[in-house]
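We call the chains A, B, C and D, going by the order they appear; numbering starts again at 1 in every chain.
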Amino acid sequence: MNAARLEAFSDGVIAIVITIMVLEFKTPHGDDLKSLIPLAPAFLSYVLSFIYVGIYWNNHHHLMHTCKTVTGAILWANLHLLFWLSLIPFTTGWMGESHFAVLPTGLYGFILFMAAIAYGILQYLVLSPQGKESPVRQSIGNDWKGKLSPLFYLIAILCTGWHESISISIYAAVALLWLIPDRRIEKVLDN
Amino acid sequence: MNAARLEAFSDGVIAIVITIMVLEFKTPHGDDLKSLIPLAPAFLSYVLSFIYVGIYWNNHHHLMHTCKTVTGAILWANLHLLFWLSLIPFTTGWMGESHFAVLPTGLYGFILFMAAIAYGILQYLVLSPQGKESPVRQSIGNDWKGKLSPLFYLIAILCTGWHESISISIYAAVALLWLIPDRRIEKVLDN
Amino acid sequence: MNAARLEAFSDGVIAIVITIMVLEFKTPHGDDLKSLIPLAPAFLSYVLSFIYVGIYWNNHHHLMHTCKTVTGAILWANLHLLFWLSLIPFTTGWMGESHFAVLPTGLYGFILFMAAIAYGILQYLVLSPQGKESPVRQSIGNDWKGKLSPLFYLIAILCTGWHESISISIYAAVALLWLIPDRRIEKVLDN
Amino acid sequence: MNAARLEAFSDGVIAIVITIMVLEFKTPHGDDLKSLIPLAPAFLSYVLSFIYVGIYWNNHHHLMHTCKTVTGAILWANLHLLFWLSLIPFTTGWMGESHFAVLPTGLYGFILFMAAIAYGILQYLVLSPQGKESPVRQSIGNDWKGKLSPLFYLIAILCTGWHESISISIYAAVALLWLIPDRRIEKVLDN
């Protein structure tokens, strides 16, 4: 099993996940502005999830690029990540349709949390055999982004009981944090 | 990140966008001509959108073919383009089901407008580092098609208030303009 | 534009078309045999369409394999073929849900007819520049399968007025005719 | 036809199958825990099917990697396998929505049974021309996993009449059996 095939399959799943979310916009029954406005939360959720899946696709590529041998553990860690990503369309649709109600907004954060954990496991499995002197591992350093994100998601989940807009703001802030592409690996690979 | 992977992912998303639109044709409840006729506007919208997505796929390929290094900016400009393309199935379905009502027809134009702007940004980012003497940039010249299209979409959106058939005609006319494949880049690459 | 990219994109669309058809099986509301039986026509339609799309995928690959330069005309002829293939899930679903009513069964044949014509155009555009002495063109010979199929579809459409089971039998018979993989091109390529 | 193209197409179909299953989670109408709980069986079914499709993708890759020439028989055996895999989203959705009722749980096992048979045929066609001394064939040995699985599915189907939880446990146990990646082929290829 070479990494290229794993990437191609992951790309396929991620491409479908990102596109399937749009099916959650049910065609409105009316044709005036009144029937469009209730879709606003669904649209906002879609934008947020689109960015998140885009970030995962981006980081996943940079990570797998450094992967020379795909072990069985990496393969299943990758499928585990895809599993949580595949649930994003569901939580996105529910959060949007419920107009950011407490439970759906919390569940959205939970899925993000699990995806972050799954990514962390995959990253560990890919990078650990590369040795401490590996330039890629050095560039990631203490991986503060990867460690802080799940923490932020947990805080956001707790905040749903207080006010949902805070949770959404935290989700958006973490996405913004990652939007800056992971140049850490990129830089080292270029040298 | 090499351009081939970016293309493969974009291909995946575009292939799904083009195919998902057909899900907007809900199976009619009856089985006679009467139950098929209300689908005519949905079919027309589908044909128009199929052609538009086909044009984007075609032009996207020609553009990315000239891209040697994928920067973070290009990557996100590409995702930004895919975002607007991914909304085409929704507006296509709504425009069709509402039988070309004012708002859905205008929104359809708005999505086309945003996709055109997103493509313009991507094109700028890909071509600008190639230098003015780049044969590809010379072949595009003043890029009148790329500059006129968003203008036409704006005119079409304004026309929805007057008569929707004019807007649809403008959308169709712009598509026709682009149907002629972008040989400008092609020609230069062959020399 | 090289043929490999065209194939990859077509593969993507065909893979989605073949899989999307299964979405036409709506989950039955009950959980006994009674609620499963009405799905039998939908299942039969699915099997038939799965085979047809499989045949197109197979033949498409063999054809494009001989294509050296992808002209603009070939590109749009290919999108034209994909357009008709993309409508197969809709007609399959309608034919199945209407329990093989006259109009849906006829429309199914019409889409098969148009897809056959579209494939004929694509084949002409790919093979005509190869010269009469081209081994591939010689192997196709008079292309009786390609010429007879649309004729059979027309007969099947006419038969819907008489009895739908005849039309279905003709569709199945033509599929069987093609199931035997197109070894004509294959043989020549091997020599 | 080279094996790479067959793999790419199969990958596409499998990626869609695995992702389409999530569409079976209909967005709940309420936004409290009460409206989420009825989704639990659907979620469990999804997890089980996700693992099964992941196993098939994994084993399929290892098998096709040893395939040098794709004959027409292999091609159609592969499509036959994809056909049964494409029905998994339907049975998964039905089993989940019916809260593991007798018939849907039995049908789920039937589809697994047919997929296992289809995989067996494909495996036979790919491996038989490789000769008895082929290291890959030797590594598979008596293929006890491949031979036992269909048997277990049959037992599980029979058990639905007794108690569905036994059937589900058997499905889960067989999945677990396969979760251990098929290192038999892997090992030999590495030597």
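Remarks
The working rule: a residue touches a chain if its C-beta (ideal position, glycine included) is under 8 Å from a C-beta of that chain, and two chains touch if they have at least 3 such contacts.
What you see is a predicted model; the values in this text were computed from it and never measured.
Traced through touching neighbours, the fewest hops from chain A to chain C number 2. Using the average of C-alpha coordinates as each chain's centre, C ends up farthest from chain A. Between chain B and chain C, two chains of identical sequence, the interface residue sets overlap only in part, with shared numbers making up under half of the total. Matching the C-alpha atoms of chain A with those of chain B calls for a turn of 90 degrees, to the nearest 5.
Chain centres here are Cα averages; for chain C and chain D they lie 27 Å apart. Here the CA centre of chain B is 38 Å from the CA centre of chain D. Within chain A, the positions touching two or more other chains are listed as 8, 12, 16, 20, 23.
Taken as a contact graph, with one node per protein chain and an edge wherever two chains touch, the assembly forms a single closed ring in which every chain touches exactly two others.
Contact between chains, per the stated criterion, is found for A-B, A-D, B-C, C-D. Partner chain D is touched in their complex by these residues of chain A: 1, 5, 8-9, 12-13, 16-17, 20, 23-24, 72, 75-76, 79, 82-83, 86-87, 89-90, 93-94, 97-98, 101-104, 107. Taken in their complex, chain C has these residues touching chain D: 7-8, 11-12, 14-16, 18-20, 22-23, 25, 27-28, 31-33, 36, 47, 50, 54, 57-58, 61-62, 65, 179-181, 183, 186.
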